[in-house]
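In order of appearance the chains are A, B, C and D, and numbering begins at 1 in each one.
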Amino acid sequence: MTAAEVDAFLRVELPHMFNDDLTIEHADGRTCLVRQRFRESMLRPGGTVSGPTLMALADCAMYVVLLSAIGPVGLAVTTNLNINFLRKGRAGEDVLAVAKLMKLGKRLAVGEVNLLSGTSPDPVAHVTATYSIPKT
Amino acid sequence: MTAAEVDAFLRVELPHMFNDDLTIEHADGRTCLVRQRFRESMLRPGGTVSGPTLMALADCAMYVVLLSAIGPVGLAVTTNLNINFLRKGRAGEDVLAVAKLMKLGKRLAVGEVNLLSGTSPDPVAHVTATYSIPKT
Amino acid sequence: MTAAEVDAFLRVELPHMFNDDLTIEHADGRTCLVRQRFRESMLRPGGTVSGPTLMALADCAMYVVLLSAIGPVGLAVTTNLNINFLRKGRAGEDVLAVAKLMKLGKRLAVGEVNLLSGTSPDPVAHVTATYSIPKT
Amino acid sequence: MTAAEVDAFLRVELPHMFNDDLTIEHADGRTCLVRQRFRESMLRPGGTVSGPTLMALADCAMYVVLLSAIGPVGLAVTTNLNINFLRKGRAGEDVLAVAKLMKLGKRLAVGEVNLLSGTSPDPVAHVTATYSIPKT
């Protein structure tokens, strides 16, 4: 699926998660780039982006890249997600998720996601995640 | 801190995350039990509890048990979180997080969280997480 | 399979890994207990049990409990393993691995392993691991 | 430290782990490349490289890149390691570990390691690991 097709699919499939704050800027079956607009509600005290914000965005970006690879499979589910929090995300800045599929098998897909804040090249967090792909 | 003290601290410290849907039912410095009231917005299509809901609750429960052990340290931050999704959570049921500290060091605390849905003893997800404790 | 049957299977299947230093003390299809005899070669400088020793033992214990549940499936493979190192293991002491299946599905099995050193009830490391089960 | 200095340090510090099968081909304080010579004893049945072989090599490569960054700190210890097994490693081929530091803090260092088999650019496994750095 193209970025626009994944966007349309997720707005129907995951309306609570995939809202107007998220934009799929790119998706090509191997990588994707998802932008989450800055909101005050993302922040923890001290002005850093909260862990749950980053985990939800990474999970979403993994789903986007997987859908762009295998098409509209609503029942693919995350089986494992590992996140390392590396730096503070900056208040006022969008968060970018750069996802890459490391393996696309028949039953499992594994990817990694770098989460970036503002214009720094150093990720605020790094995620690996596994999706289970249902039989078709 | 007692469960009531942790509750009061988090309502001030993390108002976006720690809202009226969360109840600390128990916290004793080694374990805690946090209940998240069921909301339709927790669900993915197919009626299963979403991954981000479970990850956010687990992260919160780890923070609760850590605060109950070390007192009001607002700057403790998660450094790593690993989650295995095991079963579907049930629509209409609260989610319970049972957290346990496995290690409480001077610099790092490591714990595990079992996430339960309804009355089943089998967890819907299992989490391990590490918190970095700032110098005091 | 019983503990004795798993033992016989692994001596043939994994001769480089499953040697005379390992004993399956218990295996019942849901849990198992594997003992690794102390060797000087396990140690890092400072006298602590090395990470690779603990990771290899945990991987082995997960395989033992899985085999005890599903029978002699030589092609089951680990897909993910996460380990948190919690305390130093003690020189001169055997290492015990207590494994428990958290989920046994048709395609994936997920378990946790507590690694114990000597007589302390506090684990030296905690592992979660996922195995992919081939079609039969 | 240079690659040669790290090599000399590890031969003294970790003689059981850092043997003649390992070569540090590069280390520059941010990345490193470690080669492990093929041995039959690496293999599982079916001719694939075993999980413990890959985990031990990844742990070693993380230590190499960390030492190249911070100098001879014998007491740095792994606190967390997460591995995703992606493909079968090939019998007869050396295994290469390409490690990169993602974060180098005062107390914690976090890196990732891609494990490669033969000449394929697709990793056989991907690892993230955290090291705790002692006070100096």
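Methods note: contacts are C-beta pairs under 8 Å (C-beta built on N, C-alpha and C of every residue); 3 or more make two chains touch, one makes a residue touch a chain.
Computed from a predicted structure; not experimentally measured.
*Asks:* With centres defined as the mean of C-alpha atoms, identify the chain lying farthest from chain B.
*Replies:* For chain B, the chain whose C-alpha mean is farthest off is D.
*Asks:* So which has more C-beta pairs touching, C-D or B-D?
*Replies:* If we tally the contacting C-beta pairs, C-D comes out ahead.
*Asks:* Could you state the distance in Å from the CA-based centre of chain C to that of chain D?
*Replies:* Here chain C and chain D have centroids separated by 22 Å.
*Asks:* Any idea how many Å lie between the Cα centroids of chain B and chain D?
*Replies:* 33
*Asks:* Which chain D residues sit where two or more other chains touch them?
*Replies:* In chain D, residues 79-80, 82, 84, 110, 130 touch at least two other chains, as defined above.
*Asks:* Which residues of chain B touch chain D in the complex?
*Replies:* By the definition above, chain B touches chain D via 79-80, 82, 107-108, 110, 130, 132.
*Asks:* Spell out the part of chain A that touches chain D in their complex, as residue ranges.
*Replies:* Checking each residue of chain A against chain D gives 82, 84, 86-87, 102-103, 110, 112, 122-123, 126, 128, 130.
*Asks:* In the complex, go through chain A and note every residue touching chain B.
*Replies:* 13-14, 16-17, 41-46, 48, 50-52, 55-56, 59, 74-75, 77-85
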